[in-house]
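The two complexes that follow have chain A in common; it is paired with chain B in the first and with chain C in the second.
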Partner chain A sequence: MLVSITKKNQEVTAKLNGRLDTPAAQNVAEQLEPLKEDAAGTIILDCKELSYISSSGLRIFLSLRKAAAEKGGKVIVRSINNEIRSVFQMTGFLNLFQIED
Partner chain B sequence: MKPVLDAHCQSIMDEYRNNLPLFKKEEKILVKRLRSLLDKAGVNVASLESRVKTESSLAGKLELKGQKYSSLADITDILGLRIITFYTDDVDKVASAVERLFTVDWKNSVDKRKLLEIDSFGYLSLHYVCSVKSFPYKFEIQMRTVLQHSWANMNHDTGYKSGVEIPKRYRRSMSRLAGMLELVDEEFSKIRSELTDYRRKVQALVASGDLDDAPLDGDTFRSYLGMNPFGNLNRRIASMNQAEIQEVSLMPYLKVFQMLNCSTLGDISRLIKDYSEGAYQIACYQIGLTDLDIVSSSIGPQNLCIACILKRGGGKAGIRYMFDTLNGPSEANEMMAQMLVSQAMEMPFMNQEE
Partner chain C sequence: MSEKLSATAKVYRRRGLFMVLLAAVMLEATTLTQFFFARRDLKNEAELRAKNELMVSSLKIESIMENVETATKNMAWVMTEHLDDTDELYDFFHQLLFTNPDIADVAMAFSPSYYPQMGYWFEPSSSRSEGGEIVDEEIGSEQHDYLSMPWFKKVFDSGIGSWSEPYFDNSGGKSMVVTYAEPVYDLDGKMAAVLGTDVSLSFLSSLVENVRLYPNSFSKITSREGRLLAASPDSVVSGKALRQEAEMSDTGWTMSIVIPQDEVFESINRLGHRVILLQILGLLLLWFILSRTIKEQAKLRQVEASKEKIESELKIASEIQMSMLPKIFPPFPERTDLDLAAAMYPAKEVGGDLYDFFIKEERLFFCIGDVSGKGVPASLLMAVTRSLFRTVSAHEKSPQRIVSAINDSMTGTNENNMFVTFFCGVLDLRTGHLRYCNAGHNAPFILKGTVGALPVEPNLPIGVMPGMNFKEQETDLSFDDSIFLYTDGLTEAEDADHRLFGEERVKDLLSIRRTAEEHLEALETAMTKFVGTAPQSDDLTMLFIHYMNKIDPEESERHLILHNDIQQIPQLADFVETIADEMKIEQSLAMGINLALEEAVTNVIMYAYPKGSDGLVDIEAIMRKKSLEFIITDSGIPFDPTQVPVADTTLGVEERPVGGLGIFLVRNIMDTVNYRRSDDGKNILSMTKNI
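On to the complex of A and B.
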């Protein structure tokens, strides 16, 4: 699972590449932790190359959303595949994030 | 043109210059104290402004009436604060809070709201001259509503200073405007007071369980959510995977329940009773065979609405409309609606008679 982070003004983008399953979650969580410092702006999670998400992955997304809500920022989940969209829907998290195609 | 000041006025100017840092420091302290006071009093204000009189403004004032003041301490508006409220009755609340925080010099304070004759309209504002033990100079606090503030600014913008005769027809126009704004101020306060009464009444209705008498709107729905009406269904769904339930706001579902022709809280209560089994079956089908061990508290209402739409024949278009309402329009909502319609065909609740 690869994570690359780029910053531009008030916007920080994390590109996620691979499977965000339970074994990968701890490492990804550590890599995304610094994003919480930018939570007052916009955090974009680019999921174009993300093929799978587990409960642990959902928890990482939720903790970023919580940090953003506390600081008045927002989290955009971009380009999720249909399988991941279904995971968001079946767990009831779909309307919690701003999802962009 | 630079104001011409005599020796007495110059000495007041010197005192002002020497103490300017003290005024600036006190300005910050007072603003902080007032903010904290307003927070504690629960008064939401439009703005809290402050300023220390500029050197040129003070010089202009001294040129006009310098002999009136024996020292800088006699000039009470060097440091001024202004609290602008949304509602006229909040001006009184703010005033009462200010009275508790500072010592008010009643002799020099003016309630301009009481000065006007009963048959005339004009500037309404409350001015307090205040002091605190830790600061040797007095300061002024103005309290007024947003509308009073706009009228005062517009009136000031005409370019006429107080004491100068304004042409009669303009004076009449400004007075007419003041009367109208006063009326609007009172109406806003009245509406707020009536809304507060309404909220109290519906909260009582919800608490007493008279759900059919509680019309469905933002206030009643919020009160209803406080009773955790989807709690049982959420717990039943979560227990399937020993999942953790993440609490989220369910207010977005208000529009969906309205779309499903719920006009009272009683209608939602019946919907829960009628479609909980269907909602559970959708969850079983979708997450029962996964290892997902986290769900949001919207899982229950979401699946209830899906079950209701499908059972009532709303089909793919109905589900898509629901997702468009909740998540914003997207082509992906069509895909999810299609998926749910296909999945539901195999579920027992779809084939049972109501």
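On to the complex of A and C.
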């Protein structure tokens, strides 16, 4: 599971690449933790290369979303595949995040 | 019922009467025809007889008359030479009378004054006296003026000889006579005299009297002018008569025979009366017999009809009973470890074969039986046996005890001394272990690669003896083994020449690999073909059980065992991928399944075992045609994930708790999720996804 983070003004983009399963989640959570600093701005989670997500992954997404809500920023989830979209649908995440193609 | 009987009897009686009348008409028609022809023949015969008689009589008369005529002619011819001597005349006369007994007298009437010395009339004559002597006399005189007499005049005038009409002769024999007159010429060719010979007609009377064809027939002879010459006495006929006539050429006389018709037909009439009397008697007898027979037939039919009714009702009862036997094949379509087929072909009469089977607690209970005898009692006993089998086997697993229980309850009530040959088996479908008990039935065939007879204790049939100790036997079936049960309607089926179908044919047919249903069809077809036109004499029942590998060839398992280490989770992805490939599950569904499995397993890894202790998670995947089941087993603390409250996915960001999504996903993705805690302290979570 690879994570690359790029910052640009008020926008932080995290590119997620691979499978975000339970063992991977621990590592990813650590890498994304600093993003909460930028939660007042815009956090973009680029999921173009994310093939799979488990509840541990969803939990990371949700904690970022909570931080943003706290600081008045926003979280954009970009380019999720159909499988992940149906998981979002199932869990009500479609309503919590701004989803972009 | 009796009203109906009398009504039908009436119909039959009328039919009987009609038949008698028909017979009468036919009989009378033939009799009358015979009668008609017989009468015709009798009439023809009578006429023929009369004709014959007439011919014979005519010939007699004619021969007499001809003799007289010839003799007279000869003499007239001779006299030409002897006219000189009148004395000689009497000699000739005597000669003539002597040689011709039929001639009564002879006279020669000369033309007037032929011999001047003899006077104007000269007629010498000779006649027979009553004593038989011949008397000569010259009878020509003024008183006896022959010149004016018809016999003389006719010949004298014409010069041709001829017979006179019969007349009563006063001068000669004083009787009815007839005269033949012939001219006599002298040497100069001049007519000198007329020679006359008289024939007495008294012979005609005796002749006529002798002609008596029938007791009351008569005959008569009349002259040309219709004068009666001779007739039988009592010549009177009342009623119809047959008449035959014959005319004689020389004299012109007619002889006739009259026969009263009654006499001709007397014999046939008498016979006719007797025949008719006999026929009437015969017809009466026929009617009597017919009406008796008909009455009995009507009664018989009534009995037959009520018998048929009873039989059809019982047949319906037996059919109802039959319909309760399992008849839908395949009977257990969901079972992949059993191919079973049964068939029953009842003979025309209600019979007593039975079979039954059912599965209870993974055991196949089955039986086949043949009740002794046929008909209603047999079919009733069959019904009883079958329901006893069901009742007893509901709480008995041992075939021996099932058979014993049926036997005991049947011998208690079986008053007809009927019995049932019976075979009962219980096959444990999990192990292939077969327990069976045979009660006098023929040994089933067992198919274990080769076809052989299942070894059976003969035992007595059910119903023979109460408290009978039946022996139970057992064997083990391997996958693909079969057992074939049948009643003797199969092996003892006979063709038209009474040859048996036999066990060898059955064995040969069974050795071919077929499904249960195909086996039964092949056997039935072969047997029907063998039997041909011979009627089916016995019920035929067959039961074929094919025990197969209980694992569905379409069902397979995959196993994965993980330690309670979260780093092992990625193995699940490979596990699911392999399964998805094998089951051809599409990518997105596979990912969902992966997710659910990961969540469930993560749950176990994280929470089942105390921190730091080593534990195992057993994951079994069962792949079926239409479903995929995961059974996750661990030995950790009891935990039922299905009892975790459902996460509220409608809450807003602030209110949403971060956790609790795992179980939520499992329950959402999978179709069924079940948890149980096993007796040996294991958490067993089973979850199934329908594909």
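Please note the rule applied: the second predicted complex is superposed on the first by the 101 of 101 C-alpha atoms of A that agree within 3 Å, B and C clash if a C-alpha of one lies under 4 Å from a C-alpha of the other, contacts with A are read in each partner's own complex, and residues count from 1 in each chain.
Criterion: a contact is a pair of C-beta atoms (placed from the backbone, for glycine too) under 8 Å apart; a residue touches a chain by one contact, two chains touch by 3 or more.
In this text, all values refer to a predicted model and were calculated from it rather than measured experimentally.
For the composite obtained by superposing both complexes on chain A, the positions of chain B and chain C are in clash. In the superposition on chain A, A:Asp101 makes contact with chain B only, while chain C stays out of contact range. By the touch criterion defined above, A:Glu83 reaches chain C but does not reach chain B. Residue contacts after overlaying the shared chain place A:Thr91 against chain B and chain C alike. When the two structures are aligned on the shared chain, A:Leu62 is found in touch with chain B and with chain C. Once the two complexes are overlaid on the shared chain, A:Ser54 sits against chain B and chain C alike.
Once chain A of one complex is fitted onto chain A of the other, the partner contacts of A:Arg19 are limited to chain C, with no touch recorded for chain B.
When the two complexes are superposed on chain A, the residues of chain A that touch both chain B and chain C are 54-55, 58-59, 62, 82, 86-87, 90-92, 96.
For chain A in complex with chain B, the touching residues are 54-55, 58-59, 62, 82, 85-87, 89-96, 99, 101. Every residue of chain C that touches chain A in the complex is listed here, in rising order: 566-567, 569-570, 573, 587-588, 591-592, 594-595, 598-599, 602, 647, 649-654, 656, 658-659, 661-662, 664-665, 668-669. Residues of chain A touching chain C in their complex: 19, 21-23, 52, 54-56, 58-59, 62-63, 65-66, 69, 82-83, 86-87, 90-92, 96.
By the touch rule above, chain B contacts chain A in their complex via residues 243, 246, 248, 252, 283, 286-287, 290-300, 302, 323, 326-327, 330-332, 335-336, 339.
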